[in-house]
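Once you scroll down, you'll see the structures, which are given as structure tokens.
Two complexes are shown next, each including chain A; its partner changes from chain B in the first to chain C in the second.
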Partner chain A sequence: MMASKILNSKLMSWKMSGGTREQVAGLIERSNKNIMVKIGLAIVFAIVLIALLAPVLPMKSPLIRYTDSVFDGPSSEFWFGTDELGRDVFSRVIWGSRVSLLVGTVAVLFSLTLGLTLGLLAGYFGGKVDYMISGIIDIFWTFPTFLLALALAAALGPSLTNVIIAIGVSYWAGYARLVRGQAFTIRERLFVEASKALGASHTRIMFTHVLPNCLAPLIVWASIGVADAIVVESSLSFLGIGTQPPDPSWGYMLNSGRRFLDFAPWIATFPGIAILVTILGFNLFGDGLRDVLDPRLKGLRR
Partner chain B sequence: MSPASKPLLEIKDLRTQFFLDEGVVSALDGIDLTVFEGESIGLVGETGCGKSMTALSVLGLVPHPGKITGGSVKFRGIELTKLSEEQMRGIRGAQISMIFQDPTSSLDPVFTVGSQIGEVISLHQEVYNKSALKKKVIDVLNLVKIAAPKTVIAQYPHELSGGMRQRVMIALALSCSPSLLIADEPTTALDVTIQAQVLSLLKDLVARVGSSMLLITHNLGIVAETCDRVCVMYAGKIVEESPTTELFDSPRHPYSVGLLKAFPKPGERAEELSAIKGTVPNLMNLPPGCPFAERCERAMDKCREVKPRMVEVSLGHRVACHLFDKEGDRGDG
Partner chain C sequence: MADLLSYIIRKMILAIPVVVAATVIVFLMLYLTPGDPIKSIVPPRAGPDVYEQVRDKYGLDRPIWEQYGLFVWRAVHGDLGNSITVWQGTSVSKLIAMKLPNTLMLMGLGLAISYSIAVPLGVISALRQNSWIDRGGMVFTLIAYAMPPFWLGVVFLMIFAVWLNLLPVEGTTGGLGSLILPAMTLGVGNAALTTRMMRSSMLEVIKQDYITQLKSRGLPGREVIFKHALKNALLPVITVLGLDIGWFVGGSVVVEEVFSWPGIGELMTSAIYNHDFPLVQGSILVLAIAVILGNLMADILYAWADPRVRLG
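So, the complex of A and B:
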């Protein structure tokens, strides 16, 4: 009952502030003003589109071996050439985007949810709650994140799900620290006290006042986190404990193409470029999102 | 205030203490204060004397490591200090509301004015319809005389001027027609012309809604303009309580006398404003006697040893000072 009341009034205030449509309109309007954001948005949009459309795009299957055209260079038939088994590198790069995006978004959502909840609790309540949660955060923080992900992925066994779990578990501490620090300063702000004095509960203040106020840096961090997760997935696949062959993954392709770099550079180059462009896109996109989500920057010419 | 009105808020011997590593600080050292229905009462005193702490104690929002350690706060006969956090939440905002000093930081920067007022309304009242809520928000904004409320609801706090923000804060506090409004230095952050506007608005609204107001301030001019009665606070205690005009005409407690001397009067060209010498005593170890004794020009030996009690000097005018305690030559500790 209480929960539905909170949800309801939250929904109303969301609606009254213009809702999603206005935010999206703001994003587009803002992105028109900043060329870098526009590029980032375009790249992310294109990659998402490509990943979604991969099954229906008119191209060769990523798994079929064209045995008479092993190590063929880029041509009109094989745009990005073929690999050591005669598979089409172009379609493998396209299909690989699905793995990268999936791992990137799901792993980030996972660590974001975990980090956000714990960080918010620690920062808002402080005291003993903070002491305990901070302890856990610090334990995870002291591990080099990549090594932790590597160890976890190796321990869990090679599979896509395990890679996502490994990345999520290794990277949440960063989000938690960020949110905790923000929540610490925000809970001291007068408007938190004012809304207490007007009858708001802890849960309500945490989610409707503290959380939205620390959202801006969090979103930037998360969009860069997506890029990070894509790199980690590629690295894990490169090391052989990520996506398993014959499924296409950029990291795995990079690894297998490495051996033929001197005479068939296209096998490793194109997935490498794909990783680069994707990460660039997410980073630019993240910066743009921050501007849009900060109402104080609204209407400012950049 | 008419003698027939009923008490709305009764504070009896309220003590709030802060437990620090260095010792115990008595922020409130036994406050007695009664707010009657429909009256405006001023709480004056210098910085750090416990004015704001009184307000926070009433609302049950004493920050850590502070605690209410004794006394009672009765609101309409309900003992607030014994209510659960959940029950207190129902009272805050709906029945007792508070306006803070700095309107800029009391509004959440990431939400529009409309959604913040809407939040408070939907928190305490069952409004489940968007247009009904919007109408209520606009009504409230009209009440505080904001021009073009339809534009303002879609604006963010930083897009408004200081005076507008304080009006929005007042709208927030009055949105559920509370019976008691606590205004903690509501005009300190505003410039003088806006101060006057906001004050007259507050006065007007409180009368219209029929609420009582507890106005916390260090500005005696504001008290003179707005309040029916005044309580003067010093070092966590109320030292004098009187109808406003009477306090200005004949202050009794040496501290009140000093306060009024330090306040410039228009038309009188005083040679020099006199300041009260010395500083507030350390709240961590209050002197055994009157807390003002060290700074008081008329202090007697007794003042340093025995705590003065409240004595009534005339109808509704009470003062805690040995000078006026005729019968209590022996004091009562």
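So, the complex of A and C:
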């Protein structure tokens, strides 16, 4: 959860040059040569595909209880075994990917929107506006994010929507800081002045000049943000204040499975492996992209 | 030293609004709960006289800023309310004071484990770049980082308690022995990140001119590394210490739940299960303030170790 904070402070110090289109094109081109990005992207792509196809895949329902086969080990019929209620662990793990990805992406979009808006306003206008917004950003940045998400989830009550709100509200400050720093440098550039002279509105300048220049680092940050959000979602569900049954969440499955570790370890193991692979995918993708964007940070890997 | 002092004072002043934010958030939690807030802070099946008492104490019939003022006033005096379910009637601050040493012990041992893995592994990986130990370390950090603490804890449980039967599965039954697994979970999880930092910072340092110069003067490699390079390479690792503290507090909440370690995290989780709202509020407030103070201490430590920071 914390790597992103370090990453963000690193990205902060880093300025971009050249046109946006060249940057993104260069990013894609160089990413093609980066093995981490490739592996990460392949994993992410596979998981997204599985999540999307879950309803049509030929497998058992995640909710049906096969009362004759409670605690059955992995077999040709139940690939990942069955749980304490006789439900198919394989299909529960597959369906769980939908919950994780849904929470991960929606929460990141939520905090991205919030952070982008506040960061743009603060960095572009500067002065008093910046003073006020930065105060709020700093407080949220310094505040222990996981505790904030926990507090919100505990207060709002356990549900999928509330988990998304809790994560979104807790993790936006990073995006805001990133965009604010970028906007600060860009508003001084000549092309912004030219735009102003031509009579462009503030909104137009923000969206056509400032925002595109933040795009590349934001992609990196968001990719790692999805991994973070998935960790937080599964942690909250593990603690019982996240996604509620019957929605199959990996964190919740792990929690109920750990009681049977000594004789039915598959119930906890397979959701755990699913979490591991998913987070690994997003992290590899994000880390690799960051290396591509800024070779100076390459030391952080390998 | 004067600049260090002014740096410390500056940092302390900056921490105040965050502490205030913590109290505001914990205070507002009560109003985020669905339904009448008073229902969250009176014991179940309480009579109307109890409702009256609580309403009066919390000032629930007064404007919200007065309620907040009352909340802060009580918190400053160590009154975080009383537990309303399992520990009914016991004061929240007393419960937290009882559990706090356990959590601190867990985090302290975890931090020690983390750094005793990360520093040597990071240094060796950097010195033998692209060797098998470097690549192995890379795989370790990638995997350990992709495992949330609760899942890593379950894996350790499976290996050490279920398969090898070496350590107790849960709880305080084994005394200090039962601290090992949860502390290891936190330590190994955290080491993933610190190893990476250590490695990259060491790589940067050994490329610098003064190291080449020392080597060319014929100083033994060991002395160059340990006496000159490591000192500078450790500086950025100290900066992460502040972030580590946040990570450890979040991690200890879930890890305590996995191993039933009787700390604040476990207290809070069971309070959430049992709808013991004052206890949830109190635990979150104390943990949040602990993180803020921990960050402050890490900042001061960093400024003390690296004079360049104070002037910035």
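Operating definition for what follows: the second predicted complex is superposed on the first by the 249 of 302 C-alpha atoms of A that agree within 3 Å, B and C clash if a C-alpha of one lies under 4 Å from a C-alpha of the other, contacts with A are read in each partner's own complex, and residues count from 1 in each chain.
The definition used in the following text is that contacts are C-beta pairs under 8 Å (C-beta built on N, C-alpha and C of every residue); 3 or more make two chains touch, one makes a residue touch a chain.
Model, not experiment: these values are computed from the prediction.
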Message = Under the stated touch criterion, which partner chain does A:Pro144 make contact with: chain B (first), chain C (second), both, or neither?
response = second
Request  = With the two complexes superposed on chain A, say which partner A:Thr208 touches: chain B (first), chain C (second), both, or neither.
outcome  = first
Task = Name the chain, either chain B or chain C, that contacts more residues of chain A.
result = C
Message = Taking the superposition on A as described, I'd like to know which of chain B and chain C A:Ile219 touches: first, second, both or neither.
response = neither
Ask   = After superposition on the shared chain, which partner residues are touched by A:Val89: those of chain B (first), chain C (second), both, or neither?
value = neither
Ask   = In the superposed arrangement, which partner chain does A:Ala229 touch: chain B (first), chain C (second), both, or neither?
value = neither
Message = Per the contact definition in the header, classify A:Val106: touching chain B only (first), chain C only (second), both, or neither.
response = neither
Request  = Considering only touches as defined above, state whether A:Ser195 meets chain B (first), chain C (second), both or neither.
outcome  = first
Query = Do chain B and chain C touch any of the same residues on chain A, and if so, which?
reply = 5
Partner chain A, residues of chain C touching it in the complex = 14-15, 17-18, 21-22, 25-26, 28-30, 32-34, 130, 134-135, 138, 142-143, 145-151, 154-155, 157-158, 162, 193, 196-197, 199-201, 203-204, 240, 243-244, 246-247, 249-250, 253-254, 257-258, 269, 272-273, 280, 284, 287-288, 291-292, 295
Ask   = Which bits of chain A are touching chain B when the two form their complex?
value = 5, 8-9, 12-18, 127, 189-191, 193-201, 204, 208-209, 212-213, 215, 295-296, 298
Note = Counting only contacts in the complex, chain B reaches chain A at residues 59, 61, 64, 86, 89-94, 97-98, 100, 102, 105-112, 114-116, 118-120, 122-124, 128, 130, 133-134, 137, 153-154, 156, 158, 169, 172-173
Request  = Quick one: which bits of chain A touch chain C in the complex? Just the residue numbers, please.
outcome  = 1-3, 5-6, 135, 138-139, 142-148, 150-152, 154-157, 227, 231, 234-235, 238-241, 251, 254-255, 258, 261-262, 265, 268-269, 272, 275-277, 279-280, 283-284, 297, 299-302
